[in-house]
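Here chain A shows up in two complexes: once beside chain B, once beside chain C.
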Partner chain A sequence: MNTEKHGFKAALFRHETVLLFVVVLEWFYFNSVGPRFGSVDNSFDIMRHSVEIGLLALAMTPIILTGGIDLSVGSLLGLCAILFGKFWRDVGMPIPLAAACTIGVGALAGGLNASLITWLRLPPLIVTLGTFSLFRGLAEAITRGVDTFTNFPASFLFLGQERWLGIPAQAPAFIVVAIGIWLLVHRTTFGRSFRAIGFAPEGTRYAGIPVERRLALVYVLAGMIAAIAAVIYTARLGQAKADAGMGYELFAITAVVLGGTSIFGGVGTVQGTLLGVAAIAILNNGLVHARQPREVAGMLTGVLLILALASSILPKILATWRARRQTSLNKTPVTT
Partner chain B sequence: MKKIFSLLAIAGLTLLIGCGKPSENSGGSSAGASSSGGGKKVTIALMPKSKGNAYFISCKKGADKAAAELGVELLFDGPTDPDPAKQNEIVENWITIGVDAIAVACENREGISTALRKAKSKGIKVVTYDADAQPDAREFFVNQATPEGIGFTLMDEAARLCGNEGEFAIITASLTAANMIEWQKHIEARRSSKYPNMKMIALRPCDDLKDKAQSEATALMSANPNLKCIMAICSPAVPGAAEAVKQAGKTGKVKVLGLGLPNENKRYVHEGVTDSVILWNTEDLGYLTIHSANALAKGTLKAGDKSIKAGALGEFQVEGDSILLGKPFIFNKDNIDKFDF
Partner chain C sequence: MKRHFRELSVAAALLLVLLALAVLAPAFYQPQPLLSLLTREAPTLVVACGMALVIICRQIDISVGSQFAVCSVAAGLLAANGWPLPLVSLASVVFGLIMGAFNGWLVAGLRLPSIVVTLATMVTWREALRWLRQGQFVNLPDGTQWLGLSQLAGQCMLIVTAVVLLVALALATKHLAAGRFVYAVGTDAEAARLAGIRPQLTTFSVFAFMGALVGLAAMMNVVQSPQVDPKSGSGLELKVIAAAVVGGVAVSGGRGKLWGVFVGLLLLACISPALTHLRIEAYWEKAIQGAIILLAVVADGVRNRKETV
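Presenting the complex of A and B:
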């Protein structure tokens, strides 16, 4: 029992180490082929471009830990972006109030996911597949697909495009959310209950943990974080349109899984997710510096995902194989 | 445990071997780049609206030709998925790489302008082509066709097909589309001044749908037995009208022309149903775009200039901040197979 726990811990440690190596390797490789890749400006570009997907991946980590999934975050980003635009331009709210209301909408939308999942006991995949279409459809209906919100004040665009205290202005928001999610997952009993739910939801219920309330928490949180991502996205592009964040849910899931979180729930870390986001973001940016066509990025992300997962499974396979041989070796002296 | 350590050691070793050499290189090359930045050959980055679109691949053909002639390095990249933020990210990457000029066909007018303004502020020359950004976000727009050019060419071609007299009808996308109304104004101006014996008998909307265009064309032919020509001014209407004429057995009797894409109409052009498909020459558009970007980067093209020389294609007119590609291009039986978009 003791050694098994130890081996398990080592495997976890190993996955993140492998990923860290991959990130460092990517960095050195692209630095060698693209003269400006390693510049501070470019590092900030990478950060800026990965904040929205990074936020969604952070929100997705506790959800996947519970064995769930949220396919609606990208669509919700789109819906929140245009509602934010509407609050500001059509309702006439000042930017901070519009942002606060948008986060409120995000919480409501997350609450819709949560209530369908916990009250009706529908599988998260089905529920969020539904809201994936619903949220995007709402965004398109509200703008009829053509209305675009733009001409935001410069003080707001600052958040997405300028530097604050020397770092990209959106970085502090990301860091705060990252620390918050890390504390929640790794330093509270909530975090432990997420993993427990991921391993055995029924068992967790019998252990007296309010499974429904914990599940609701992670989905509402995801809605709110998607809304924050929407505001940052709008500031970065200077426009809010119904197609914002299209396909982001899959990038976020890819980053989480690449980061070592098991899609079946129960296993995973926030720092793994952050490394996953970094690996994908550096790859996407670096290929431009290596003057490689963009389509290569999708291909290599796939290869990276498969290799990273295979490399973390390999030690487990080796361990079981060795254990089996050990037992057969142990058996032989008994029989003779 | 031992195994894990050995694996780690191997991984570490690969890492060292993998980047030991290149990292030396990077130090050297980055120093070289910063010192010899002025004398380097010009790098122009060209972005389509989306990468797989045959229309832009055709533009790139012309761009490649221009780049080879001018000896500039051409980067071609664009979004491969429907994420509207991608164009911005690519432009921002190009800013960091330090290209000399950027030429963009804008998918999101407002969104991309944010990134283009940033490029401009960093001293990178910016032109747009095919679809413009906000005017303050770029130096010049390479304009593939003016409403006047389109309207006049359509009317001239219709008159030529009808022998300067007779009835014709127009199928449009919708009666309210601003660009179509603009074209109709120029069609009418040309008709009244040059072809008074041509008579426009109907203007029908098809909602940008091929099958609706087909039924409209059928109705037009049965209601107007003297109809000589159908002019379709939105792209789905051209093959739609052709199909109607073909099915009515009036091939050759009722001429079809319109504004559309070569590939959609090749079949009808070869069958003799459609006579002329009007658009612009996309290869020339790419060619002129690269020449303009290069001239800007070299400083030979400035605001206020009245014309620009573009290699083999000669002089082009500049009107304000628009570089005009000139008269639309007519695709017909003789040349349509050379184009694939």
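Presenting the complex of A and C:
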């Protein structure tokens, strides 16, 4: 199965290397267009804005590796942000306890996805489409569409807006989660089993791996990471509203697919996802510096997703074309 | 009887809701509000029929809401420029057809998964529309609303159009070869190919047809008001997927009946007025919609499990 060639030339044409080149190119282009783009302040700004989407993309990577998808992470971010505000303001919990409870809610919500997907063997697509609507609807119902949570203490806002040891304060949390997911996917037998499930779920079952438990793990993990992202989002903006994280699932999926993870499952890396997040974050921020309206960034993300998908299956299409030409050249009359 | 069990159980649920409304909120049955409720749902029914075909073909299309908005605004602009209404309707259908065919090309031609493709086109069309129009409403010229007829005649015409289309499609999926192809491809694309059906062509056609139906539905929506809202159709995809799933269309493909979709849509359409009449706040609508989708797929999942065990 492992046909990767080693050596300098092979490394040069790896997906991640090409993507890294694209990211660097992007950076230099926007640096030449927007005068303030390259400053340290702006680089930190890009980092701050990409943490939440980056967390969701990290959570999405193992899910897509197993051949699944989770459309509900953006809505869950909204619901968790609201509940975090509710725990703090209305229940009167201290911030750390409220954050812990929020992560618990995230785990529960992920558990709902997981139980429907594994016990009833329902397709992840339709389950998470339902919870996509359910979680956002609950957030709207709890706030009645108008209530917002603000006036968080400065010690909490520090996490989202200030610097710690010279870097944005939320960066350490992101780095910890990123390392955790990288270890899980690339350095444990769990990560191996995610890929195996993505290639052939039935075969994996016969190989003695508890497919259901592994699947449940990735969806619950995604719920918890979405809750962490919700807390960081609230700290960055200083407020929690029912529309928090709307459309973030698209950015997360785009980052993962752009990072070289196959949407059909089985192939992909965490470092690719991180580069995908960087590419999207730089594009979004750079377009603002190039004085383009915000809608263009959203539009380009959609186009980028289609292009990334198309390029990822290009080798497969070429192979089938070649095979078809072969068969039409050696065509023999069919007698059956 | 047994073959229609799933649809009949939804119909029973609908009857229960209607009975509950008759007892608790008889105001629901006043002719004028009821007629406008049905008129509002007529375009949704048209889109839901298309979505049912897409899901039966074991695909999904979540870009219909954005297609709907693009077609609505395009139709409004053409009408405002003085195009005759029949030509505007045709243009709207063609716009939809092109967008649907684009999805179909990506899904059937390049073999990309429909969920991600339509997620991408959903955002692309929606943001492109926002960028080009900056959220402006389109004012329609006089004589566009209700096609220049009286309101009652216009409402009846829209409802009749939607129902005629539903009946035609229900018959076509049952009795025409092209209709059976959709079921065959949704059940097992490889078996369908061996039986001489071209699965990719069928999938492409279903997406293109879906787009055309969205164009028609957009036109049916445009003639209902004196202005075109550029945000119209947001959330439409969830509404029609919910209607199809509640109406017994299996998300695993190959199973479902269009009259079931009709009943499912009516059931969902009664929820929002029922909420108002029963004094539950309207903010719950989205959450209840999500819960109903989950409930419907769970019911199907439990049934499938019993069958396979």
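Heads up, the rule we're going with is that the second predicted complex is superposed on the first by the 285 of 336 C-alpha atoms of A that agree within 3 Å, B and C clash if a C-alpha of one lies under 4 Å from a C-alpha of the other, contacts with A are read in each partner's own complex, and residues count from 1 in each chain.
Operating definition for what follows: a contact is a pair of C-beta atoms (placed from the backbone, for glycine too) under 8 Å apart; a residue touches a chain by one contact, two chains touch by 3 or more.
Everything quoted here is computed from the prediction, not taken from an experiment.
Where does A:Thr150 make contact in the superposed view: on chain B (first), on chain C (second), on both, or on neither?
Once the two structures are laid over each other on A, A:Thr150 reaches chain B alone.
After superposition on the shared chain, which partner residues are touched by A:Gly298: those of chain B (first), chain C (second), both, or neither?
In the superposition, A:Gly298 touches chain B and chain C alike.
After the superposition on A, what does A:Lys86 contact: first (chain B), second (chain C), both or neither?
Touch status of A:Lys86: no partner.
In the overlaid three-chain picture, which partner chain does A:Ile306 touch, first (chain B) or second (chain C), both, or neither?
After superposing on A, A:Ile306 lies in contact with chain C but is clear of chain B.
Have a look at where A:Ser133 lands relative to chain B and chain C in the superposition and call it first, second, both or neither.
second
Have a look at where A:Gly247 lands relative to chain B and chain C in the superposition and call it first, second, both or neither.
Both: A:Gly247 reaches chain B and chain C.
Touch check for A:Leu237: first (chain B), second (chain C), both, or neither?
In the superposition, A:Leu237 contacts chain B only.
Touch test for A:Arg214: chain B only (first), chain C only (second), both, or neither?
Neither partner.
Tell me the contact category for A:His15 with respect to chain B and chain C: first, second, both or neither.
Neither partner.
What is the shared patch of chain A, the residues that chain B and chain C both contact?
247, 293, 295, 298
What residues of chain A sit close enough to touch chain B in their complex?
Per the touch definition, chain A meets chain B at residues 10, 14, 17-18, 21, 24-25, 28-29, 31-36, 38-39, 41-42, 45, 48-49, 52, 148, 150-151, 157, 161, 233, 236-239, 241, 243-248, 284-285, 288-289, 291, 293-295, 298, 315, 318.
In the complex, go through chain A and note every residue touching chain C.
Chain A reaches chain C through residues 69, 71, 116, 120-123, 125-127, 129-138, 140-141, 143-145, 247, 250, 253-254, 257, 263-264, 293, 295-296, 298-299, 301-303, 305-306, 309-310, 313, 316-317.
Which residues, counting only chain C, touch chain A once they are in their complex?
Counting only chain C, the residues touching chain A are 60, 62, 106, 110-113, 115-117, 119-124, 126-128, 130-131, 238, 241-242, 245, 251-252, 281, 283-291, 293-294, 297-298, 301-302, 304-305.
For chain B, which residues count as touching chain A in their complex?
Checking each residue of chain B against chain A gives 1, 3-4, 7-8, 11-12, 15, 18-19, 21-23, 25-26, 29-30, 32-33, 51, 75, 77-85, 88-90, 92-94, 96-98, 108-111, 113-114, 118.
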